[in-house]
Amino acid sequence: MLLHGVMGVVDILGYYNYWGFVILLAIGLYGALACENLFKKMVGLSIFQTAIFLLFISIADVGTFETLGLKSGTAPIFWEEIHEYRYVNPVPHVLVLTGIVVAAATLAVGLALIIRIYREYGTLNEEELRWEL
Amino acid sequence: MSVVVTTVARFILPFMQLFGFYVLTGTEGPGGGFQGGVILASSFILYAITFGEGVDERWLKALKSFGLWIYAGVGTLTVFYSLFRAEFLNYSATFLSLIVPHPVARGILIADVIEVGIGMAVFASFVSMFFDVVARGDGSG
Amino acid sequence: MGALIEHLPVLAVAVSLLGSFTVVLTSLYTRKAGYPLSLSVTFIQLVMAVAILMNINSGGAISYWLGGWRPPWGIEYRVDILGAYVLVIVTLFSFLATVYARKTVEKEIDPEKQPYFYTLWLLLVSGMAGVAVTGDLFNLFVFLEIASLATYALIAMAGKRALIASFNYLVLGAVGISFYLLGTAFLYAATGTLNMLDARALLTLIYDSRIVQLSFVFYFIGLAMKMALFPFHVWQPNAYEHSPSAVTVIISTALAKVNAYALFRLIFSVYTVKFFQNYGTIFELTAIVASAGIIAGSVLAIMERSLKKMLAYSSVANVGYIVLSFTLGKWGVYAAAAHLLNHSLMKAALFMVAGGFIYRLGIRRIDELEGLGRAMPLSSAAFAMAAVSMIGIPPSAGFVTKLFILLASLDTGRFVFIAVMIASSLLSLVYFWRVIEILYMKGHRERMDELPASMLYPALIMGVLSILAGILWFFSIDILDEIVIALGVV
Amino acid sequence: MEPAFALLVPFIGSLLILITGRYPDLRDTISVITAVISFLVILNISGSSLNSESVLFNIAPGIDFAFKADPLGLVFALTSSSLWILVSIYSIGYMRTLKEHAQTRFFFCFAMSLFSAFGIAFAKNLITFYIFYELLTIFTYPLVAHEESEEARSAGRRYLAYLIPSGASLLAATLITYWLTGTTDFTPGGFILGDPEIVKLVFILFLLGSAKSAFMPLHSWLPTAMVAPAPVSALLHAVAVVKAGVFGVIRIVYYVYGVDLMKELDLGVLLGIVAAFTVVMANILAIGETNLKRRIAYSTMNQLSFIILAASLLHPYGFLASVMHIPFHGYMKITLFLCAGAIAAIAGKHEVHQLDGLGKSLKFTFGAFTVGAIGMSGLPPVAGFISKWFVVLTGNIWAIAVILIASILDVVYLFPIVRNGFFRDGGGSYNELGGFLNRYMIVPLSITALFSIILFMMPGLMHISDLASMAMQEVWGNELP
């Protein structure tokens, strides 16, 4: 029973990168939607997107959790262990690369807007700006 | 700028650019157009900060669009050059078949050309972004 | 391979991409090249799209391996009848919006920035065209993002309040697209593929998997944010209100439809109807959300005083129609596919005329429109025709949708949606008739110049078509039949 | 000739009116010519190509967009088209005398309303019927709100607020019918079948969908719509709109439900009670009304419900009465409205108490009014007597009682106008045939009054009685008593 509990904790801890993903996702979503400062919104958005990239990287690691789950795949992409092929799927990495570029572009557009909004209104507070609409 | 900065910059700039150009053609090595472009842009920005020289906006514009033109243009060219036998972005099927006979090698060569194009666009974008945000204090961004 | 027609899907995207870079190049020498270039590029795209549609009518789908890489590893562009149909919608309305754009851009955009306007414009068009042709889930994300980023910048070009509207749109749009990405991640984790066709085949085995179900929920939330389905619509009215007139036209017609199409594609080509039969709760929820959106959008439209915002709320309701139709079986697909076009027709005319009133008179509020019915008869006629169509008076385009949705809810035995549809059409009567009444039956103005021809005729053609489409649909119902067959919904 | 031609003519005509809007003379000529041609086409159809069909396209499996010139529809179409000629001549005089604005819109919408009315008459199935039913609502709205005053706008709003939801109800009923039976084609003797409860519910929906026939309690749009110009009131209340409503009721009772089903489900009784209530109540309200046009409007409600009442008896003679009363009432009521319009245009009088002594100078107008009043009360020698006599022939004691009460009340509120007009003093004197334009008004109203009498003597005019009895044979087959 105790062993079961310990193994459970280990199992849960073994998914640390997924926990990271969930926490970052929540923080980022909260920041993007609830922060009043526009700049903080952009920061939140970036965290949110990063969380998703983390998820992509995590799922790229195929077949890790059959054993203990604490090891993560590293380059080289293929290698042979005792009786299984372990590898890291390269496709999600490619996707993340593209995703980063897209996220950077979004961030750039967002920051450009923030600069112009600040020049126009002299504030970045959402509540104050809402009255302008 | 202080002497330290100018000296260091003078020392480091060639290396940055060399590294940038190396990274730029990343088909068979580390890097790629985006990374190379960013490194080159940062070297240019360093130069601009240190020596306080600006750049003609028109050049950046031309570089930006021309770089992207290379990217999409070559892709389209593959289609037309092969008389609609090869797909968009199918580099191995491009021209130069007389110079580089092996299709895979040809693909790699063209991919490098594309990387250069992307690098140009990224370089120009980052530099112009820098000048937009920093150099021009008043205008409308 | 070997024929030009095979390459058209990718060329339709590439041509506007190249065009957009060319506009930047030409801007070094002249500021005037943007408009003719955009016009010719969008026209070429329209021709290509029509050619694709004609070709597909006779045989299957065009599958195009980008760079020669075999799917499911490479990116596949796959244009079936639905994709071709949406591509035609996108290019048609892009073309019309471009025709319309000239005068408004000259007036609303800083001359220095006009080349950039057209650059972004063409980028937006190529993003939308890309969504219509792609057969790859991640590629769809990229194209959606290209289109969205261009849109944010285009909206912001109007300056002032548009900046805030654009920023709000950016935050919600980026969160939405990230949810889409999240859905892709879950789907990828479950199936290990990004190709739609491949995913469809692999999913058949794991419909019960929680990961798959969750991935659909994320997809749905993400796309609902992008297309301003009811609880996520908050960005939309302000974005429509403050953006340049031409941008309002293109995003309300083409872009909104592209987002709806993405969901359409996911539901029917990736997850398929069988998935929803196994997992009916999500369909029920979707239908409830959509119905709530239909009613709420209409009510908000009634409360609105600004013309463009009122039309924006009406769009919220109409997106609800489309999403509701997804859940209603075979006739629902008829309704959804028809409404993709019908709503664009009507909204194009309405927003073009609304933009025209701003252009000519600077009027934004509904109660200032008094007497314009006789002062500008043709523009007002375009507006009135489209408005009547929105209400769903037969034999207009709006009626066709209404009829299909009603048939669908009868067919699936869900009578509550009959009540929803009828309530919504009565509510739309209230808010559209208010405008018509003020235009024609109130106040008096001297006769004044009509809008410039490049603004008037697109609006007028769309207005007439939104009435005629109701009849024309029944002659060209083959397309809808083929879409239903291609999607395998029986 | 196919029935589609009958629709094509007013459609093209209305487009021509729109195009030639800048040249009023040309426009008005086209308007009259269109009316004449439509009438000739429809007369031709009724003579030579009865029951011909034109199928345009398919809407959904089992639903075509199609027209059929059956006897019942032809009666309605003939009534509308023949009266349209007179009304269009009349409206030229009326609109020009009062120098009304937006005349092009007026004539355009007028022609489109008639187009819709023909569509309703010739619709082969419920969907086609519904489409034109809604079109009629839309195209009559600009006519109702024509004056563009606050009162007119509010009348227009009320008009739509009653008729569009009613149209939605009709659509719902139509689609449920389609769902139940897989078809919506009108069939003599009915085609609907299914669970009695649902069928009853659908009948209620259909009834709500017939708000155009202005039965109580869905009547209040009709009196307020009286702010419209007199030709519009004439068109609305004698020809197109309300007749479309009662025509729809007859269609639904005899061509969707059928006599047997109506009897089985006791729906005839329901319909009869609603109609009888309206017949009496409308007349009582009319007595209290002081505005001439509104008083006539209440009389319209009464007569329409008389048609419904006759139809609800589910008796061949009742059917005949209701069908024949469509043209008869059309001619009589249009006479009254045209008279009211002429009085307004020539003398500028709108209220009942202002009419004292006007009959002395407006001889033709008041003469025609007298004919109309006699017809309304169901007295010979005007056509209204025939339809009332048919109802008496059915032998239904309740219906006869209602009609008697209604006729007495008709006399009470219409004849004082005649008496005061001819025999009291005051009112001033006007030159009835003075202006050129006045004759445009006086001639049509005299003709309609004349025809109201002629129809009494020759009900076979324009094939009306033949068509009505053909429709009766269609519905009852060989079981005629």
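Lettered A, B, C and D in written order, each chain numbered from 1.
The rule we apply is simple: a contact is a pair of C-beta atoms (placed from the backbone, for glycine too) under 8 Å apart; a residue touches a chain by one contact, two chains touch by 3 or more.
Here the structure is a predicted model, which means the values were calculated and not measured.
J.: Return the chains common to the contact lists of chain B and chain C.
T.: A
J.: Higher C-beta contact count, A-C or C-D?
T.: Ranking A-C and C-D by C-beta contacts puts A-C first.
J.: Please identify which chain has its centre, taken as the mean of its CA atoms, farthest from the centre of chain B.
T.: For chain B, the chain whose C-alpha mean is farthest off is D.
J.: Approximately how many whole Å separate the CA-defined centres of chain A and chain C?
T.: Centres of chain A and chain C (C-alpha means) sit 30 Å apart.
J.: Express in whole angstrom the distance between the two chain centres, defined as the mean CA positions of chain C and chain D.
T.: 44
J.: Taking each chain's centre as the mean of its CA atoms, how far is chain A from chain D in angstrom?
T.: Computed value for the inter-centroid distance: 71 Å.
J.: From the mean C-alpha coordinate of chain B to that of chain D, what's the distance rounded to whole Å?
T.: 78
J.: Going by the touch rule set out above, which residues of chain C reach two or more other chains?
T.: Expected reply: 159.
J.: Which residues of chain B are in contact with two or more other chains?
T.: 140
J.: At least two other chains touched by the same residue of chain A: list those residues.
T.: 116
J.: Once the touch criterion is applied, which pairs of chains come out as touching?
T.: A-B, A-C, B-C, C-D
J.: Could you pull out which chain A residues touch chain B in their complex?
T.: Checking each residue of chain A against chain B gives 101, 108, 112, 115-116, 119.
J.: For the complex, which residues does chain C have touching chain D?
T.: Residues of chain C touching chain D: 374, 388, 391, 393-395, 399, 403, 406-407, 410-411, 418, 422, 425-426, 429, 433, 437, 440-442, 471, 474-475, 477.
J.: Using the touch definition from the top, list the residues of chain D that touch chain C in their complex.
T.: Residues of chain D touching chain C: 57-60, 65, 102, 130-131, 134-135, 137-138, 142, 145, 148, 152-153, 156-157, 160, 164-165, 168, 171-172, 175-176, 178-179.
J.: Using the touch definition from the top, list the residues of chain B that touch chain A in their complex.
T.: Per the touch definition, chain B meets chain A at residues 34, 129, 132-133, 140-141.
J.: Using the touch rule from the top, collect the residues of chain C that touch chain A in their complex.
T.: Listed in rising order, the residues are 138, 141-142, 145, 149, 152-153, 156, 159-161, 163-167, 170-171, 174-175, 178, 181-182, 184-185, 188-189, 192, 194, 238, 242.
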